[in-house]
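Below are two complexes that have subunit A in common, paired first with subunit B and then with subunit C.
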Partner chain A sequence: MSKLNKTVLLFLIFAAVAVVLNFVLSGFSVTPGALFYEKPGRFTGLISPYYYSVMILLCINVILSVSLALLNGFTGLFTMGHAGFMAIGAYTSASVVYFLLPTAPFFIQLIAGALAAGAFSGLVGFFIGTSSLRLNGDYLGMVTLGFSEIIRIILLNIDAVGGARGFSDIPVYMNLGSVLLITVITIMVIKRIRDGRLGRAMLAIKENEMAANMMGINPLNIKVKAFVISSFMAGMAGSFFAHSEGYLSTQTFSFAKSFEVIAMNVVGGLGSLSGAIMGAGILTVLPEALRKVQDITGVDLRMVIYALTMVLIMILRPQGLMGNKEWKWLSSK
Partner chain B sequence: MAFLEINDMSLEFGGVKACQNVNMKLEPGILYGLIGPNGAGKSTIFNVLTGIYPPTRGDVKLGGESLVGHKPYEIAQRGVGRTFQNIRLFKELTVLQNVMVAFYSSSHSTIADMVFESKNFHNEESEVKTKALELLKVMGIEDLAEVPAGGLPYGKQRKLEIARALGLNPKILLLDEPAAGLNPTETKELTDLIRKIQKDRNITVLLIEHDMGLVMKICEKIFVLVQGQLVCEGTADIIQNDKRVIEAYLGVD
Partner chain C sequence: MKILSKFFLLCAILTLVSCNKGGDDKIMVGYFGSMTGAEATFGVSTRDGVLLAIEEWNKAGGVLGKQIEIKAYDNQGKPEEARLSVEKLINADNVIAVLGEVASTRSLAAAPVAQQNKVPMISPSSTNPLVTQKGDYIFRVCFIDPFQGEVMAKFAFNSLKKKKAAILRDSKSDYSMGLATYFEKTFTALGGEIVGDEKYVSGDVDFKAQLTNLKSKGPEFIFVPGYYTEVGLIARQAKEQGISVPLLGGDGWDSPELVSIGGKSMEGNFFSNHYTTEDPRPEVQNFIKNYEARFGSRPNALAASGYDAARVLFEAIKRANSVEGPKLRDAIAATKEFQGVTGIITLNEQRDATKSAVVLEVKDGQFKYLETVNP
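Right, the complex of A and B next:
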């Protein structure tokens, strides 16, 4: 009982921090909207709208990256279709809010959208999982890549969600404190799954599927679970993305996005949760930080430096920045 | 009725007859040996027993129930534990985690238990940990519990594999060349250990081994497999004096 209380206590502390953050960033406003779910109506000198949206993007990328780490890093399933799950989540959430709940309070929209996004994405993940998990290695990568492109093309051809014009006028209500809270929860959920018997089974399958089989573990069952959990989280990330941008285009969810998420995992260190977070941080912040450099130099070297950095990291630390180490608060002991 | 029965089992890969009409009956609580020249099909029999290959013909029964058609993990859950000729540990997991993996199917904590770190979860984790440590102690490697399994010396890896298989709480333990690559001291130590485990837990053990000293010393009954066919079975004395066995190992005059 005391342990459950510890989890609840931890949650309450993080939630309180999130609320205080919202309070400060919204210019000390005390309306429920400002404290819990609304994007600040006006930005005081504390943070510019630009940094605010970069921070939200960072959180979304961290969720994507750690959810891929569960599949790629822990279970050893090489998938290249994470953008597909994100797209499903983004469009589901936007559609639910836009068509079904246009007049509901933001608070309801936020929760309904995110849950619908996660649930639908998880469901699709379940079907993809069960149908393609007999494949291994590169083959699974190809199938998931194909699948994510199919999702994108289907969305491109549904006129109700904007088709090629993109889905606009989606209510915007992401606020940093809440997204940060959900990001932390996502990280903790994945950490705890990793440290439990399910996580051990996942790692065992990654290391040696045959031996895991001989230990009474059904690899298919574990892989499908990993797929569903991961796609649920990617769907939620998609939902937050939709409601932080207010506009969706299928272009965003091309395979380049999937590779970006894989790159986050690889740069940070495959198999390390801390690495996935660090990788997401670097690959989100670096291109934005380089804008400053561009202002000074006057030449657009942004993408060159970005690409060179990645190449250098891979040459100097092929195992990723964290290798398979973890930060202390994320280590299994 | 025997505890584990292999009835008239044949396994063919295309034209290659890996096993032909093999009949074996194993009684509970006895230590069996399975010997034969290289390529005789010893490991193949293990692979059939554990469900990796379905037999082409014939049947395998554990406690009266057929194992044919069941998935490898289902057979493992029914109490068939094994080790591998070429060691298959979870190299990046610690020694302790390796053994804890074996308790997966006998534990019950759900995803919610793990996420909320419920009382259930904590009790089960510490229980599994205690049991796993006990097994490591039996094998004499408990001081290495936190070391990654891939970093263990070869002999200790072999021991860890046995500890891991015991984590399933098996009714029958299949050991595929447990002494391969060990020096004489290690082999002697392992021999005693296998016999001790078998007696203490009163489980059936079937072991494949090329070290005849080990086999003759501890196996109560020995099966000899030559070119996929069982040519002889019996105690060490019977085997050593059997003409076909001598022929298979030493050739004919």
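Right, the complex of A and C next:
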């Protein structure tokens, strides 16, 4: 069997699993978005809508985290503007679906929204990448932080997408099956990039840019590619976010969100794909899991424990939970 | 590494542990607000108001013979967290109704969840008109932005007996534009005249050009529906330009900062607000006394709104004699002439509260209660 056929087969298996999973989890509903709400007060699926929402958010955060790992972890470009790319994706996708395709079937909305979001975000990533290539380290961080704030302020001032009121009534069609499928695909794509020629070049640039240049790698070219791929994926994550929340506000995409994604990378281990996934898992699940603590203590110590956990992880394992290691199914060999 | 993966597993298990159900002898009410983050004081004040209402009702025997219990979740001021916490309140904690949020953006994010699950949601102080348009299960106990414009128009025409108005509005703020538009409509309908209309943008520091223009038109007062930072500067520069007519505004003025920025030039200006601690009605004075005894500080307008939202809900449960979503919804919608701390509340068919506003005057650096304007 040729390599292409294998990939197609793998994809079909994943898709089938995702569809079945979604059916079982959501209680055999065919209308996405209206999943649980046909009978008020009761849900027919296997898991409660609350956990379902948390899992969708988890998948979105995993996409964000692994796409940032490509820039921060593998290429060594310290960027602080991931929330900006996510915002572009979210607002682009929401606008495309809301203004252009309000009545299209949901899978067309999904594909068109996600592709438009990724494409536009990637385009912006291209311009930011090319214009800030001479910068390194903290300086690049500051520039990307600035760009992401500019994007947020621009969105805040566009009245058509709600401005300060927020963008409401966005069609909600994201389901766990589709988002899980795309998350797995994203992880596999990043794994293959990392293990391929491009990924090796990225790692070389991270270790020593001049040496990489001497070996015939064009650092500018590789860096722009990393920027475009990463922002494309962050844009798609934004699109899924928009269509699972149904409401967007520019407050969400402040620099705090960028730092959250960076924290996911750092907690898991910079330079490790498994670490990025694990970090996203912990930073999404922990704050929600800690709501339980409130029942015991009576007062809301959630954010205290959450912050303390992060401090402890950093003290006990400064290299992050995974360090440079990978889980077996994500390792190079 | 083994230990770490176990820790991760533990986290996963923690989230998946079964949901706790409210007992049969208790009525669970949900509250969500920003109790940490940049707007933490909003969420905490409102929650304290809600808590006070619950404690008072429980002392008097609860509602329908059951004690009321509150489940309060923090959303860190993030819209997506607001949505998640309402999802959890409704699906995992089985609350019968949701109270919150202060900020309109977070109410807008959470309202569809309450609507789809047919669980009533009462916002204590989200003033954007869009919030209650999300569905027939979404209510609010505060007035909406346009209403304040009407209030100030009536106050200026009837109480101050002024006929010639000028407007200075913030062209970038929905709030300011809403107030100005409805002020203009009401004032001209009453028989007044708008002689000048100028705009600024929030963040501006120099208003001399607009003020000079307005001065030449000879208005008897200027309506400035903005936020306290700009209003303070406008008042200062108006005095410097020799404008001695009073300025009028809305609840965006309500901050101690107003006087520290505007200084002496703020004296003799008027604005509308939700409530004042000087209101002589016994409901208000009792509330202030009890709140101070319980929390050790003077209640602000947000605490009062939270208190009212909770009491509107409990009254409705009593009238509905049921905690089922649809029956409770109908009972809340039928709220009429409810004696709230923030005014006498009647819910209209848009599920917004029509209630009186108070007009305050700036005097000796303090906000003095002047009169109550009814809708």
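Note that the second predicted complex is superposed on the first by the 316 of 333 C-alpha atoms of A that agree within 3 Å, B and C clash if a C-alpha of one lies under 4 Å from a C-alpha of the other, contacts with A are read in each partner's own complex, and residues count from 1 in each chain.
Basically, a contact is a pair of C-beta atoms (placed from the backbone, for glycine too) under 8 Å apart; a residue touches a chain by one contact, two chains touch by 3 or more.
Computed from a prediction, not measured in an experiment: that's the story for all the values here.
In the overlay built on the shared chain, the residue A:Ser131 is in contact with neither subunit B nor subunit C. When the two complexes are overlaid on their common chain A, residue A:Thr297 makes contact with neither subunit B nor subunit C. Once chain A of one complex is fitted onto chain A of the other, the partner contacts of A:Ala204 are limited to subunit B, with no touch recorded for subunit C.
In the superposed three-chain model, the partner touching more residues of subunit A is C, compared with the other of subunit B and subunit C. Contacts of A:Thr7 after superposition: subunit B is touched, whereas subunit C is not reached.
When the two complexes are overlaid on their common chain A, residue A:Ser53 makes contact with subunit C while staying clear of subunit B. Contact with neither subunit B nor subunit C is seen for A:Ser331 once the two complexes are overlaid on the shared chain. Subunit A uses no single residue to touch subunit B in one structure and subunit C in the other. Contacts from subunit C toward subunit A in the complex involve residues 1, 4, 8, 11-12, 14-17, 19-20, 35-36, 72-74, 76-80, 83-84, 87-88, 91-92, 104-105, 108-109, 112, 116-119, 128, 130, 134, 172-174, 325. By the touch criterion given at the top, residues 50, 52, 71-73, 76-77, 81-82, 84, 88-93, 97, 100-107, 109, 111, 113-119, 121-122, 124-125, 128, 164-165, 167-168 of subunit B touch subunit A in their complex. Residues 34, 37, 40-41, 43, 48-51, 53-54, 57, 157, 163-166, 168, 172, 241, 245-249, 251-252, 278, 281-282, 285-286, 288-289, 291-292, 295, 300, 302-303, 317, 321, 325 of subunit A touch subunit C in their complex. Only residues 1, 3-4, 6-7, 188-189, 192-193, 195-201, 203-204, 207-208, 210-219, 225, 229, 271, 324 of subunit A touch subunit B when the two sit together in their complex.
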